[in-house]
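Structure below; questions to follow.
Just so it is clear, A, B and C label the chains in written order, and each chain counts residues from 1 on its own.
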C-alpha cells in the first residue's frame, strides 16, 4: 500500500496543475524549444559546472510557476535511478566528478521534462500539436484527418482520471468475489491480474466506442478547415524565451565544436 | 401541396426498417410517423423494442456507425437524410446520450461546448457567441473552466445538451437522459429541456422508461414494441385509449394514471385518465367532495 | 447482523463521497434500501460492508467480525456486492466459468462448485447461456450474469448497487419478485438506489443518506412521505404520496406511497360517498 503511494506521489511531479503564472502562459512551442535546448546542451557537455548551471537555470522557472514542492517529488522518484547511475559509473572506472556529472545530467533532464509537463496544459499541447505541420501530415496519412492525432492525445489525457476510477472499480469488484491480489507466488500473482486487465480493457473499449458515437453526433471530424475557439499566439515572453534558447543553443554548439576544453568534466 | 414540404413538418419517417448486421431479426419494421416543429415527443416501450435503434437512425449513426440493412427513408426539414454521412445529419439532429460522462471529450466545459461549432467550421466570433448562448440557456456558464470528471451527473447532462444546442440543430433527440441522475436532478433537467423548447421552439424527442418524468411536458407519445409503432398520439389520448396495452407491454405509466385505471375498472370513477398528480388530485377531490 | 457503528470515512485524496458518524444495522433476511442523492455516500457505505473500505473512525461488524481486522475475501463469504456496471466484473470465456470464479477463490471443492453453478444458472434463467461467452450477451443478460456470479456462493447479505437503472417496468417487477424470493430463503437484500417509485412499490426499510450522514430511517411509507427528509436527501416523494398530500383535506393517512393501498383507501371512501348521495 505504501509502495503504490510513493509511486503515485512521484507522478505528481509530472502532472499538470492549472495556474496563472508566466511560465504556465508561455506558448508550449516556446517551452518545447527551451527543453530541447536544455536536452541538447546537457548531452553536449559533461562539465559538472555546466550541468549544475543548467539545473540552476530551472529554479527561477520552478519558483515562478509555484511548482517547487512538486518538483521535489519528481526528484525523490528519480533518486533511486540517480543513485544507480552514480555508482554504476563509479564502479566502471570513471572518477567521482565525472560520475557526479552524469548523475546531474540525469537530474537536469528529469527537471526539464517535469517543468514542462507541470506547466503545460494538455489542451495547449493539443493546440500546439494541431499547428505543427509534421503532426498534421502524419495525422492525415495515418488517420485521414489533420487534427485527429492531436485530438487523440487530448482525449487520452481526458480519459486518464476516468479510467483510473474504472481500474479501481474493477479491482473492488473482483476482490468482492474473493480475489486476493497479494497472495501466492509470482506466477499466481501475475495470473491474478487477468480478471483485472480484461474487464478494464473492455470497459475502456466500450467507453471509447460511446465517445466515438458522441463524437460523430457532434459532427466530428468536420471539415478540413475546422476552426477553433482558442488559438495559440506568441507573446513577448515567448519571443524572449525563444531568443534566449536559440542563442544558448547556437553558442553551445559553437563552443562544442571550437573549444573542446569545455567538454571536460571540470 | 407536397406534404413533405409542409413548413411545420420537421421530421418524418417513412416505412423505416433496419436490421443490425449479424442479427437474426429486424430491429425496426415499417416505422411511419411525423413530428411537427416545436413538438415534444415521448418515445416509450419495453427494453429492446427499438427505441434506441430508431434514434440512431434519426441522427445518422445508423447505418454509418452501426452497419446493417436499412429500408425506407427519413426526412429532416424536407431533405432526405438516409444516405447522408453522420457528421452532416448531426447538424440537423442533435443527440444526447444516456451516459453523461461518455459524451464529453474536451478538457474543459467551454471547449466541449465549442467542439460542435468548431467542427462546423464557423468563424471564431460566431463560435464564441453560440458557446456563451448555449451555456447561458442551460445554466452552465459558471462551470466553464471545469473538467468533465469534476462535474456531477446532472451538470454533465446539461453541458452535453449545451454542446448539442450550440450546433443549432432542428431536432434534439435524448436517449434516456435521466437514467443515471437522482430524482431531483432528473426533474430539473427535464424542466430545463421543456423550458428551452417553449422559449426557443426546439423540437424534442425524449426516450424514457419513467413516463411520470416526461408526461407533464410531452405533447405526444409514440410507443414501440418489437420494432413497430403500436401507439402514436397525444399523451392523453393514448393513456385513455390504450392504457391496458401500455401496461401489458411493461411501459412505466405514471402511478396516478395506474391508480385511476384501477378505480375506473371497478366503476368508481370515469372520464379522462390523469397524467400528472395535479390533475388526479383535482378529479379525485371533485369526486370525494360530492 | 451487520452493525455499522458511528463510522466516519474520508478518501485520502479528499475527493469522493465521505461518511460522517453513520450508524445503521442490517438484520439477516431483511430488505433495505439505502437512498440519497448522487454523492451522498451510498456506495462508500456499501464498500464498508465487505471490507473494501475501512472506517477512519468507528467500526463495522459483520456477524461480530470487525472489518478492520478481517480480509475482504473472508468478509465476501457473507457479504456479496454486485456493482452497478456488469462490465467491471466479466472476464471469463464462458458464463459457467464466470459464475464459478468466486467459488474457486473461496476454496470450494470441485463437485460443490459444479452443483452451485448449475443451481445459480437455473435460478436466474441463464442455463442456456452456460457455455456462451458473457461478452456476446445483451446488456440485460450481462447484468444477470454479474448477479449470478455473486449469488453463486449464496452470501447471507446481498448488496445491489443501482439495480433498476435503465430497466423497464416488467424487468423491475421481476427484480422485486426475485428479492422477495431471496428474503424467503433467509438472505438479506440491501439495494442502493434513488428509484423512489420502485421503493414505494417494494416497500423495504429505508435508510436515507445525505452528504455522508443518515438523515432518516424507517419503513418506506413513513420515510418517503416525509417532505423534509425526502428533500434533504435530494429525492422526490413518490407520485402517490404527492397525490395524497393534495387530498389531505379528506383526512387520509399521511403515509400512503403505493398504488394498492391508495386504491383501497380511495375505493372505500368513494363507495361511502356514493352511498350517501
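Criterion: a contact is a pair of C-beta atoms (placed from the backbone, for glycine too) under 8 Å apart; a residue touches a chain by one contact, two chains touch by 3 or more.
Nothing here was measured: the structure is a model prediction, and the numbers come from that model.
Arrangement of the chains shown, judged by which pairs touch: all-to-all, with no pair of chains left without contact. Interface comparison, A-B versus A-C: the higher count of C-beta contacts falls to A-B. We define each chain's centre as the mean of its Cα atoms; on that basis subunit B and subunit C are separated by 29 Å.
With centres defined as mean CA coordinates, subunit C is found 44 Å away from subunit A. Contacts with at least two other chains are made by no residue of subunit B. Residues 45-48, 98, 152-154, 176, 179-185, 187, 209-210, 212, 247, 250-252, 254-256, 258-259, 262-263, 266, 268-269, 277-278, 280-281, 284-285, 287-288, 290 of subunit B are the ones touching subunit C in the complex.
For subunit A in complex with subunit B, the touching residues are 121-123, 154-155, 157-158, 161-162, 165, 207, 210-223, 225-231.
Residues 59-61, 64-65, 86-88, 90-91, 94-95, 97, 99, 101-108, 110-111, 114-124, 127-128, 131, 147-149, 160, 163-164, 167 of subunit B touch subunit A in their complex. Those residues of subunit A whose C-beta lies close enough to touch subunit C in the complex are 166, 169-170, 172-180, 194-195, 198-199, 202-203, 206. Within the complex formed with subunit B, the subunit C residues making contact are 36-39, 138, 140, 165-173, 194, 196-197, 200, 234-236, 238-240, 242-243, 246-247, 249-250, 259, 262-263, 266-267, 269-271, 273-274, 277.
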